[in-house]
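Each of the next two complexes has chain A plus one more chain, namely chain B in the first and chain C in the second.
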Partner chain A sequence: MTAGRASSVRVDPVACTGHGLCAAWLPERIELDEWGYPIVDATPVPDELVAMARRAAKECPARAVLLTRAV
Partner chain B sequence: MALLTNQPARLNWSDLHQQPDRDHRGARLLQALENADLRGRGGAGFPTATKIRSSLGSRPMLIVNVCDGEPLVSKDAVLVSRSPGLLIDGVALVAAATQAREVVFAVHADTPTEAALRALLGREGQLLPPSRVMAVPARYVSSEESSLASRAMDGEARPRFRSVPLTHGGVGGSPVLVLNAETCAQVAVIWSAGPPRAQLTRLITASGAVRRPGVLEVDDRFQLAELARPGFGEPQAVLLGGYGGTWLPWSTARQHTIASLAQSGVPLGAGLVYLIADECPVAVVGVILRYLAAESAGQCGPCMFGLPAVATDWVQLLDPAKAAAARQRLARRLPVISGRGACRHPDGAVRQAASALSVFARHIDFHLSGQCVRPSVAAAAAPFLAGAW
Partner chain C sequence: MNAALWYLTRASALVSLALLTTSLVLGMVTSGRSAPLAEGRFVRAALHRTLSLVMVVFVAAHVLTSVIETYVDIGWLSALVPFSSSYDRFWVGLGTLSLDLLIAVTVTSILRQRISHRAWKLVHWTAYALWPIAVLHGIGASTADQPLVLGLAASCGVAVLSAGVWRLCAVDLDRRQRKLAGLQGWR
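After this line comes the complex of A and B, so read on.
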């Protein structure tokens, strides 16, 4: 996941319990629905947002936010 | 009618597992499936050749889905009782092509089909790799493919999130190939007869206000109009695919053939064709939406909160004091629920609600002006709930 290698955000919907922290860390890709669950934009994350995307994954209490290399 | 086609002669079993021919036969099988453009008959309609190809050489566990997970659909059960040879032959062909390490027949627990499958494997199981019958709870999502994979690996029969496909070990770490029973039978038909694409048949389950309820084999030219009862009033609409399917007004549907439905992008899913004539369609949709909400595995937020919310909105659509707000909520909710679960269950509920909203718009207006005189929710619910459990 180095610069230049596009990544996108995914959420494991079974693990997700709707804490909502991810949307606070990465509002550019994640918004919350009316029940507090993330709606994810899978568009690749640009380099300048990768650190925040990693933070969103790291801070998720349910470990439900995943960063995947876009195919 | 014949199920399927002319019940072709059985495989030459002595050849099937002979090493020198095996790879060659696998390649020919995949080519035949591609030529016929066989798509999965369990609901999702994924190209079967692509799915099998991704399992080549991985010695997968082959799970054959014989659950008829759609409450009103009974094609898998009919297949087991009427065409068991085709089922076994198709499973054997796929098992040989992929060198499956094990074959698991998944079926709803304590059904006549479970007993029939056990008897069938008793008679013919020696023709397959090690095989067994796996009984699963008769819940709507328990026969979803990741649920079956999970169950087979001693887990619960609940949909699982996969970051890699099942065929690459997405559940439990080892490769799993899940195929619907009819799909397997079609593999045997294609292998033995090689029907060109246009002649490939499919099994549909006719239900509701039809001439004759039950499973029938139809080809591309079959017209939905043939299902209606002569001498009765026109049906209002038809539900295609399953509970998580698509409503079409009968005035449109009656002009369709199986081929033209596919061309217009209406999926036939698990093959349900339910005609509604006399009942209040809005009540029927309400029952289905409540059923789908109750059948959520309760794992993913958008499904466990979204589906009950949509079912409640649907009821409030009929209350003049609440209808406008309910309509706004549905317009906001339906587009964001799809595609966010571990399985496609919420997507199906959204398809049901969205197509009903459009097809039954006028009937909803009848309710708001107090003019619906069709049978009530309770009366309309009876056949559905009887079929569901």
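After this line comes the complex of A and C, so read on.
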């Protein structure tokens, strides 16, 4: 991902199995409902948070967290 | 020198067993989705990965020292090809088999973001076979009868069995939530 380019977080709701790890790594954009499933804020992620967003995507046991690049 | 290698082989085997057990239990706890809202859930997943990688180092030490030491004759080939060792063919072969599984699980996990999720998961499931095969290898190939060793093996067995039973019962964690939601009615 090129620096300065806004990207946002998306969760594939079908793949998600509700481990809650993404919200632990990126609480700035992802919170959990009372069942432990993510509620995602699609506001673009600022540069200083991109590393954590990538980490959230990497940590997901179901690989359901996606980073989308804004056009 | 040879004696030192022999002791290293056995010591690294014991450390590997403890780490493999901890890692498997942590993996089961993660996949069983225990407490997705708990504070420390990301530590658990990170520990699962870190301890597994540390275990790989100890297993590498175990295999290297087993091949290098000369009390028993285990060749380089039989470290990788199961049941090819002239010494203690069956029990050493089980160790080789678990090493091959460990290599497969480790490599696919390192490449997890690049390969299909299904392929990763299929290979990762073989960890459930890896543990009993490695433990059988330990029971059959080991010559140790010290209470410390037997105690470690027994506690590892208890840990994996109880985590396994918990994991089998934890197939549907939303069951309770669904029941509660049903009682509450639509909101």
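FYI, the second predicted complex is superposed on the first by the 70 of 71 C-alpha atoms of A that agree within 3 Å, B and C clash if a C-alpha of one lies under 4 Å from a C-alpha of the other, contacts with A are read in each partner's own complex, and residues count from 1 in each chain.
The rule we apply is simple: contacts are C-beta pairs under 8 Å (C-beta built on N, C-alpha and C of every residue); 3 or more make two chains touch, one makes a residue touch a chain.
Fair warning: this is a prediction, and the values are worked out from it, not measured in the lab.
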Requested in this report: Applying the touch criterion given at the start, work out whether A:Ala62 contacts chain B, chain C, both or neither, answering first, second, both or neither.
Outcome: second
Query raised in the report: Is A:Val14 in contact with chain B, with chain C, with both, or with neither (first, second, both, neither)?
Result: first
Query - Partner chain in contact with A:Trp35 - chain B first, chain C second, else both or neither - result: both
Report task. Considering only touches as defined above, state whether A:Ala24 meets chain B (first), chain C (second), both or neither. Result -> second
Query raised in the report: Where does A:Ala6 make contact in the superposed view: on chain B (first), on chain C (second), on both, or on neither?
Result: neither
Query - Common interface residues of chain A - those touching chain B in one complex and chain C in the other - result: 15, 17-18, 34-36
Report summary line: In the complex, chain A touches chain B at residues 10, 12-18, 33-37, 39, 66, 68
Report task. Can you check the complex and tell me which residues of chain C touch chain A? Result -> 30-31, 33, 36-37, 41-42, 45-46, 112-113, 117, 173-174, 177
Query raised in the report: Inside the complex, what are the residues of chain B that reach chain A?
Result: 159-161, 163, 299-302, 305-306, 332-333, 336, 340-342
**Report entry** In the complex, chain A residues that touch chain C
**Finding:** 15, 17-21, 24-25, 32, 34-36, 58-59, 61-63
